[in-house]
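Below, chain A partners chain B and then partners chain C, in two separate complexes.
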Partner chain A sequence: MTETKQNASDLREGIMATLTKQQIGSVLAKQGILIAFAVFIIAFTIANPKFLSVDNVFSVVRSSAILGVMALGVTFVVISGNLDLSVGSMMSFSTIVVLDLHDKIGPFLAIPAMFGMTLCLGAFIGFLVGYLRLNSLIVTLGMLSAIHGLTLTYSGGQNMDIADKEGTWFSVFGQGTALGIPVPILIFAALAALLGIVLAKTAFGRKVYAVGGNGTAATFSGIKRARTVFTCYIISAACVATAGLIQASRSLGSQNTVGQGLELEVLAAVILGGASLLGGSGTIFKTVIGVLILGFIQNGLLLLGLQFYVQFIVTWVIIILAVWLDIAAKRGKLLSPIA
Partner chain B sequence: MTDAKPVLHLDDIVKTFPGVRALDGVSFSVMPGEVHALMGENGAGKSTLMKVLGGIYQPDGGAIYMGDHKVVMAGPLEAKAKGIVFIHQELSLAEELTVAENIYLGELPRKSFGRVDWATLAERTNAILKKLNVGFDAKTRVGDLSIANQQMVEIARALTVDAKAVIFDEPTASLTDAEKSVLFDVIADLKSEGVGIIYISHRMEEIFKITDRISILRDGQYQGTVATADTDEEAVTQMMIGRTLDLSRNASHHELGDVALEVRGLSCGKLYQDVSFEVRRGEVVGFYGLVGAGRTEIAETLFGLRDPSAGKILLDGEEVRIHSPADAIARGISLVPEDRKGQGLVLGMNCRDNMTLPQVDDLKAGPFVAEGAEIAIFDQYRDRLDIRTPGWKQQVGNLSGGNQQKIVIGKWLSMHPNVLIVDEPTRGIDVGSKSEIHKLLRELAAQGYAVMVISSEMPEVLHVSDRIVAMYSGRIMRTFTSEEVSEDNLIQAISGIKSNEAA
Partner chain C sequence: MQPGALSKALKNGAIWGFIVLELIFFSVAGEYLSLSDKAFMDYDNMLLLLKQSAPIGIIAMGMTIVMVNGNIDLSVGATYAIAAIILLDSMTWPIFAGLGDWVIPVACLLALAVGTLLGALNGLIVWKTGVDAFIVTLGSMLGFRGIVFMFNGENPTSHLNWTLVDIAEAEFLGLATASWFLLAVTLVIWFVMTKTVHGRNAYAIGDNREAAVNAGIRVGPHMMINFAIIGFLAALSAVVFYSESGSVNPNDGQLYELWVITAVVLGGTKITGGAGSVMGTFGGVIAIQLLRKGLGHIGADTSTVNLVIGLILIAVLFLERQLNVKGKEELKV
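After this line comes the complex of A and B, so read on.
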């Protein structure tokens, strides 16, 4: 009698143990990115206590804001099953244009004019990828180069500077603070909240997931696939224009190559957040986490005394690790089962 | 059967997944030279069992014996090396390579310096192909072959190893009758060579035609093994689903309403020509024909996915032009497409979001999607269609085929269409869900829906339809009422043979 009871309680304990193991596994798989983030912050803080100081955190988030704003838009594009590699050179374009127009027509008109021109570029890409169904990798890789050429043509290859750097209110977007918080951080946070709600709560957001998850099934459900993809590129371009505005406002002068290479960092942040490059998954919240991780890692490396160019190598390592762990979590093994 | 030792014996196999006991003590044996059917509804555990056998899953209990030896399948390659060969429903061939290259992929014969020995390769391949009696040779590009012939390539691949047991998983799903008989000849040959065969299929007529014994699974539990000669469809079905099924012809008739959909002289290039028919409210019209007869293309035209080259479409007597699925939906046409996973569902999305996808624009609470209304719709159709899922948050990809199909049907019913088109509504679905879906289609008609059913399964068409449109090569050959139709005249009509009765 007691023996059976003993067995029964053993069995129960066994079941509980397996359950918790599985629960831990599922928590790890779902929240892995947050856990990695926490572990990493603790490690860096131990290495250098300055890492978590208010000043340093603000400085990291502020310097990540430009990248972050761009990553928000690219998240829509990636979830819709496409890529956008043109955001870096498009950001250079926005920055140069708004700086140039600032002195010519004044900031009040320069900002909407720059937004209009950048959105035209986004609309063009959206037309090629959405309506003509061209491969987004090829289209945006081509646009990366074409927009760079466009920027140089516009500027004549010259750096662009605002004449009166002290006397313009234009610097508020990049250098101002409100309630003690830097404005770039506020813009990033506000846009993240807005776009997060659009993606998670609106019919349009639902369509983006459907088109990226299974475009054919979305079409068979009456969703206008081309229009949805087109809109994603418009959103991406609007985010790029905002990033260009912050960049221009922060420096009040710029080279033609200011956004060069950012497309890869943006993509790294989005993937790091867990959006699948196949489309159909990802969230704005995860992208924000991805942006912060990337920012803190780069900052941490600097605090450790490494040269800034090490970050280019580290960014690559992070992309590969993120993609690998994502696939490993899906198949439940680190190595390919058929290797 | 001279040798009484089974080639393969599964003993008390147990496999559990989080929250599910997928296999619960499954045991059966396959004798040499036996065709052994494995049957069960979707989700009964057939696939899991085959994955255990193929080394993809490790069992949590029980053992696999081959001959007298207990074996452990550490992986798919080991299973193949031990002589267990799988012929899958979904083909895994490289289309750009030749037949020979596909068959010997990974083990191409070599000459010095790693060069491929093409002569030996062709010779060996042609020897196998000759045995299979197929009409193509080693150098044919696989992409140029029909699906049936591609399946033959898979089978040829199986024959390159010394197979002890061959598992066929729904091999006839995409085959024509002529191709099926070739496949059955091949199975008979394997059988005569003493190979043990496990044959998985939902199609009863095949099971009773070619198998020797039938083992049945239900909810992961082994229900028993019966000799095919000693049983019948009804008994097997009862073991599979625990109740009996109504497999009779459609007998019920109800009042027909007005003509909801009329098509006059509709053509679409070479796909179909001069098609005319009408569907009344309260009526189920079945479209029967061979694959490629143009039925799906008609449905796609009505749903705005193709532009007709000639002819008219009338809805409630009014001529309409339909340019996109969105147009079709706005006019009250719904299409349950042929390819559930490719066209019907976003597998990574949850059940609720899939179901409300076509109307997500209309379910608004301010600027947002009204989640409450969505859940209400999901709950309503989950109950009405008896969809079995842990909850609306479940990803559709995790559901069984039958439940996935019900999600697609629910999605379109919730649009309250005037015309409901269903294309191959029960493809790859187990008998239990099948009869539920048939019953549902009849009920929908009784409620006043105009229903078009496209199917390649004759029992299905006969069972659900009030009238049957028989198509051959892009043309309507004849339209039958359910009184006129017989299996013979239906087969004649879809084979392009004009019968004397035809107008």
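After this line comes the complex of A and C, so read on.
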């Protein structure tokens, strides 16, 4: 009698042990990026107490805001199963356009005009990828080059500068503060909240996940795949235009190549946040964490007195580790089963 | 004629047809628009074109294997810069001081070895972790660029070795050294892809990885070898180019990955793997260089080149898909 009881309790303990192991595994897999983020913050704060001061946090988030706003839009595109490599040159385009129009037609008209032009570019990409179903990697690669050409043609290769830098209210988006918080942070937070709700709580958000998870199944259940993908690119373009507005307003002058290379940093942030490039997974909240991780690592390493290039190498290691551990937790094995 | 044969012939010949079109267009337009009185199809001009295609072309051959394999490598530009810095920097290292001009082969071999190792490292990560090659090489693109900055910060690294410059500027049978390297690499990779087991395996894995695994192909090591090859070729490209120029900026090679991928896709390689040819890539490389040179010839500036290449890439993708669709249903957009 006691023996069976003993056995049963052994068995139960065994089950408990495996359960907790599994639970730990799944918690790590789901929240790994948050845990890593917390570890980083604690480590950097111990190394340099200034790291977590309000001033420093504000300065990090403010400088990440441009990247972050772009990453919000790209999150939609990535979840829908596509890529957007054109956001960097599109950002240069909107920055140059709004700066140029500022002096020509005034900021009140310049901002909507710039948004309109950028949305047209987004609509063109959305048409090609959504309705014509062309490979998004190649389309946006082509658009990266084409939009860069467009920007150069528009500006004639010249840097753009606002004539009257002191007298314009245009600088409010990049340099102003409201309620003691820098405006770029407010814009980033508001957009993140808005798009987070759109993605998580609306029918459109669910369609984005469905299209990215299994496009064929989504089509058969009556979701208009093309329209959903198209809208994702429109959202991405709107985010890029906002990022261009912040950039233009912050510097009030710009080179043609201001956004060059940002597309890959944006993608790195989205991937760090745990969105799969195959589509169907990722959240706005996690993308924000991904953006903050990149920003805080950059800042933390500089505060430690390390050279700027160390952050490149650290980012490399973190991206691969993050995705690797994510995949490993899903397949239950650390190493790939490929022969 | 078998069904599908026409579209196949169209696809294989398309890039060469495009090159001919470019030649005609720029020759005719050049008559009216060009400021120079030389014809576009000038013999020397075409030789120069071949030489200028070499840096992108050599890397594109490696990218063809990797993309046929179903992977992609975004880190080639950074590998190119690292190899260039190793080549120029190592010639001034004190340990090699006693070698005299024998430092040249040592430095070249060192640069090539580093490129191969970095490529193999990418391949090893793809193999062992199972993370998509796009993400792995996106990460190493950043990481390798960080390593580039470790050498000299943001300052350029310069070292001119006149013997090396003489070799790089030499001409043999009318072709520059760089052109010979491009042709040799094209030939070797063409041989590997069409005549060897390794080449056939590359197509098999890209077409259907699971079937390839079931057929007993060791997919992991195979992919690692391909990444090592593209790393080697990126380093070779740097060796060929920087022997002559003798100075490297830490930002050199940026966006090379995009140019290379554009050339490979223009040449008809499928982004999803399993299809593509080395000769097509060669055509793609020449077509891009022709476009850059031709637009320069008729007085357009770089902005137009970027615009045109981007739009052509999208147009090619559209046409290729239209030629690829099997049923008539899908032809309707």
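To be clear about the criterion, the second predicted complex is superposed on the first by the 309 of 339 C-alpha atoms of A that agree within 3 Å, B and C clash if a C-alpha of one lies under 4 Å from a C-alpha of the other, contacts with A are read in each partner's own complex, and residues count from 1 in each chain.
In the analysis below, a residue touches a chain if its C-beta (ideal position, glycine included) is under 8 Å from a C-beta of that chain, and two chains touch if they have at least 3 such contacts.
Everything numeric in this text was worked out from a predicted model, so none of it was measured.
Note on chain A: of its two partners chain C and chain B, the one contacting more of its residues is C. In the superposed pair of complexes, A:S281 makes contact with chain B only, with no contact to chain C.
In the superposition on chain A, A:G167 makes contact with neither chain B nor chain C. Common to the chain B and chain C contact sets on chain A are residues 337-338. Touching chain A in their complex are the following residues of chain C: 74, 125, 127-132, 134-136, 138-150, 153, 213, 218-220, 254-255, 258, 261-262, 265, 271-272, 301-314, 317-318, 321, 333.
Contact residues on chain B toward chain A in their complex (touch as defined above): 18, 75-76, 303, 305, 324-326, 328-329, 335, 337, 342-349, 353, 357-358, 360-361, 363-364, 367-369, 411.
Across the interface of their complex, chain B is touched by residues 22, 197, 201-203, 206-207, 209-210, 213-214, 216-224, 280-281, 337-338 of chain A.
Put simply, chain A touches chain C in their complex at residues 128, 131-135, 137-139, 141-153, 157, 260-261, 264, 267-268, 271, 277, 307-313, 315-317, 319-320, 323-324, 327-328, 331, 335-339.
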